[in-house]
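Two complexes, one shared chain (chain A), two partners (chain B, chain C).
Presenting the complex of A and B:
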């Protein structure tokens, strides 16, 4: 323990002495102080706060990530280069203790700087959202829509199975689909069309959605209906319409009329007492357009309900934890890379690994693609098996790679914050398990195993 | 003659048929730095590896510390593999150059290594204080080692090698970079450690150093041991004699002695005046100067062995 601590302290001092790390940290300070003063946003208060969180914190964490990768790659590799490692290894410390000491030192720096980022951004947030600069309604809106933690509910999916079957039989009867096209290809198309239809509201008509609200918020916390629609025509002119909220029989239902442009987010605050006793909330949209235009809500994202779940600060804290876990993973990648390679090579390797992780979804798609497209027989008798072998190898490589990086895929925590969305503790726990315990642990084993085998008196 | 059983009780380190081949990037053999050497270091002795530059001394030492792995052969240190942390806990090592963190002060450096040996704060404080006294850098305890002269850094290196009160002390060219005063002090220190029953293995190419302090030596050349044995065995010339006459001999008495020798030998003997060796002469001059002014900079050792350095259990 004593040894790990000593190595951690050295790793802190090494990082702080690195010129590149110092320059990056200077950028970090400039970002934290300069950006909040200069950023404008779209002129609205929520816009201002979103820009503050997304750009200031986003840029700060990016800088911190780069500094972490560099400092961690340097941690062991420079000691091998400058030979101090020879004295350290001749003392009774295990390779895993050296690894852990280096990693803990870097994490201590990260905790410190991440705290600085989050505290200073929060201070900027408080300092720029004062009543003398913004109207009361804007501040009210800020506190109900962004500076909270809400969970997101999608409307109950409509059961379209019967309707799909009915339409399918009718279409076949009319001979609309040629016999060669199999049933399992036709059904999803009909279903997709039906779902889009269920989210479309032609001019002069209306459509209704039902939300299940399992945990209603306290009485003073409104529910927020967020929506974004597109139009069946190419222009961006505002459309007039209305929302009717609450059951249609209820005497005290809420009606909101508006005239709004497509393709931007809008929201309606809803009082919690509109929720029925059975926990459902019904909303109905009526299209009042005086032209023939259909309003279309995107099936998976276009319409949802935000329900109060807790305060902003705790959510902000959880976002910080998620970023810290990511930095911990980066530090682990760098320390291990530095145990194998000299700095420039280690840094290149680490950045390449991070690139791959960011391309996870893409790699996943390649893996699927090579699986289905792997049996082209159009290449003649000689190229055939060779082509197949290449396809198979490529498929296996991509599959393997995807299996390794898939668990690391995660949403950017700042994306939650800018819409005031609740970050579940389960997500925090899962990411701790994956990034800190599992992946950093595996990297530690790889790094320590190599160091224990390596002849440290030889150059890397 | 019956083969003697392995003398583990008194053998501190043992190498048999040890070979180290350095390879290039493509894994092709490049240098056979250590070529089939066999030796044994016994408890309480000062064992010297003597040899010209590039003869394989540092390579042998690094294998004994687990910093390099032997290509083939058998190597045990303190009855265990050199890689074992239990071995490392009982070994002190001074590297060929001082690989210290340049931004740490003397004190911080020693605390760092003390922590690696898992010494608690109180033990570290005590030992560091005594060690700094011993190596004469008490006045530089808050200066960063990066700005030290080579000899001062070497002294810190020596202090860190002793901080764990080791049973086996491995010193790679302990006197390199030291002034004659420092050389003498280190040599005295090594003798004092040996008197306390510590085992010392050192390497050097300075014959005078080795001659003064080693009990046994191995002479390495080209990775092979060319000669090995106790200093006495190797250097004594049994068929030659030196006669030292008392200082207050009058010229006519000397004449009579010489005449007698001539008549016995029937030939002229070699005669010259005894000289101080330069080291001894230099030390006398410095000692004299030191008595006149107290030095302000550099190293001013206390001439006392750190008292915590214990005799190892027998």
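Presenting the complex of A and C:
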């Protein structure tokens, strides 16, 4: 253990001596001090706080990521280059201990600077939200919608499986879908159409959704119904409508009428006493438009309920942990790459790996596309054995790559913070397991294995 | 020797090259100016972000701007607007000499984003962001770019001045209140501003200023922030200033600095515009549309010059028709209306335009203007001027006036043919005009009250004239006596008034 700590200390010292890392950390300090002073937001307190969190922490995380990758790539490779590694490997320490020592040293720096980032941003946030600068309404809105942790609930999905099958059989019988189009392509389309239909409200009619609220919030914490709708016409004219919230019994209902434009987010505060004894909350939307226009709530994101789950600080802490886990993974990639290659090659390899991870969704789509063969392949003429072989190889490569990087996919924790969305501990635990334990562990094994085999003291 | 070659020689060479580059800098700038390669002066005293982005980032600033632009577009598609002002600010400051960037983002914020908000106050915030982006950013870094002037003028002329946006009345009121605070009336007191010290140092030397400042600071006011305190504290500040000899100097100094530094309104230019286009009400957007078009004209030619000339002509015409301002905070009334004093200026602008573009469309516009102007002058009880307009119309467009008399023609401009309206329609109309007459009387505008009263009486007379000698027709289609209609209208106005001052004015006016 002492050996690991001693190596970690050397790693910290080397990182501090690196001019590039120091320049990046200087940028970090400039960002933390300068950026909050120049931000202007959209003129509202919630807008200002969102921009402050997103850009100060976002830029700080970016700088820390670059510094981490560079310092971690340099951690082993420069010691090999400068032949200082000989002083270490000649001691009774295993290659895995060297790797771990380097990684822990970098993580110590990351923890320190990440704490600095989060504490200074929080101080800037507190400095911004002083009551003399903003109205009481805005401060209240900030504490209700952003400086809070709320979990997001989608309405209970309508069971459309039977209807999908029924419409599929009817469409096939009518010959609407040619036989060569496979069933697995047709069914999702019918299902999508039915889900959109289930979330549409034609003029003069209404539609109802039910939310299951497993943990009702305290009485003084309203639920927030957030929604965004599109129209069946191209214009952006406001539509009049109303929300009826709560039980169908008159005494329990809350009615909110409005005239609002499409394609932007709106919200309604709902008193927790509208929740039924069985934990459900019913909301009904009536379209009062005086023209023929259908209101469409997008099935995935168009309508959800935000329910109070806890305070902002703990959520902020969890966001910090997620970023730290990401940095730990970056450090692992860099240290391992540095064990294999010289600094420039290691840095390029690491950044390329990061690029691939950030493009996970895109790679996933390519894998899906190659799986079905794409439209051209499925329905068009075949291009011969050579093209088929290329296609198969591409599919296997992308699928394999996606299988490797998919577990690393995660939403940006700052996206949660700016909308006051709760970061579940399960997410934090999962990311710890995946990024810190599993992937960093695998990278450690690969790095240590290579170092153990590598002859690092060749005579020049 | 080796050290001299490897260290000192390159350093000396570097210094020599730096010196050479430094000496070439001034001639290069001069050459740029002579050959009109860049209208703007080099950036001086720019914010650190702009200096950093233009100097340190070099060509990379374009790439970063592109990335931010893509992000802005994506956020806008997702309906997330809170970052857009910040992104627009960064994008434009990364490329401050790229006017199209300023123009696009100002337009996007003022037009595309603002309409996504249902509440007028939210919309206004976005419209303001657009105005500020052009005025405080675009024109600061590109002061001689004509399109930036025109776009800014257009925001005032169209977004604030026209009635295309549902919240246009809110914009007008918000802007008017903001300007009212600075001008304390329809516009600046040019003579007083000319005597006002421009610098803080000069203000501090005015006798009695230190005592005044001490008292203001004791009450929690800091005048040199050049911002008004909260609305309810403004009268307190003004009362303190009123009690001091140096108060008016300080107040005018604050006004001047706010006009120049915050709103970029140069008093001498405003005065020139008023000399040319008449006494404008600077609380209304038309005056600002004229100001920005006028400011851009010296830098414009071809299409831009034509567009800005038209903007001035249209805005002067609009200022006559909608450039008056009635605000009664007690009655909570804000009514933009005509400014009859601008008639000669609007007429001149129109005649000049008619000379320049003498075609059917322009003649139709001329005729419409004469008709509208006639209504305005008549309802403001400026009968002689209305009659002159009628004569002018008769001269230019004899077929339009036909054989109708002046009063009948004016009334029919409101009503088309009286006979076609029927007794209920005419009675309702007279009732409405009398209501207007009493309403304006209560608000203290006696000219407009007299104008509407005359309109009501003349309408009653013209309608009843053929019925006076035909009892049967009078019985079937006659009107109640005008005194009865007047009593009803008066009662309605009385009920709607909320302050004793307005009630007193109405009572005195009726006497």
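By our rule, the second predicted complex is superposed on the first by the 413 of 460 C-alpha atoms of A that agree within 3 Å, B and C clash if a C-alpha of one lies under 4 Å from a C-alpha of the other, contacts with A are read in each partner's own complex, and residues count from 1 in each chain.
Just so it is clear, a contact is a pair of C-beta atoms (placed from the backbone, for glycine too) under 8 Å apart; a residue touches a chain by one contact, two chains touch by 3 or more.
This structure is a prediction, so every number in the text was calculated from the model and none was measured.
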item	value
Clash or fit, chain B versus chain C on superposed chain A	fit
First (chain B), second (chain C), both or neither touched by A:46	second
Partner chain in contact with A:90 - chain B first, chain C second, else both or neither	first
Partner chain in contact with A:143 - chain B first, chain C second, else both or neither	neither
Partner chain(s) touched by A:133 [first = chain B, second = chain C, both, neither]	neither
Partner chain(s) touched by A:361 [first = chain B, second = chain C, both, neither]	neither
For chain A as apex, the angle formed with chain B and chain C - C-alpha centres, to the nearest 10 degrees	120
Lowest C-alpha to C-alpha distance for chain C against chain B (Å)	19
Shared chain A surface residues [contacts with chain B and with chain C]	none
Of chain A, residues touching chain C in the complex	34, 38-44, 46-47, 50-51, 54-55, 228, 236, 238, 258-261, 263-266
Parts of chain A lying in touch with chain B, wherever the complex brings them together	1-3, 5-7, 9-10, 13, 17, 82-84, 86-94, 452, 455-458
Sites on chain B touched by chain A in the complex	62, 65-69, 83, 85-86, 88-89, 91, 93, 95, 97, 99-101, 103-104, 111-113, 115-120, 160
Interfacial residue positions of chain C with respect to chain A in the complex	47-49, 79-86, 89, 115-118, 125-126, 128-129, 166
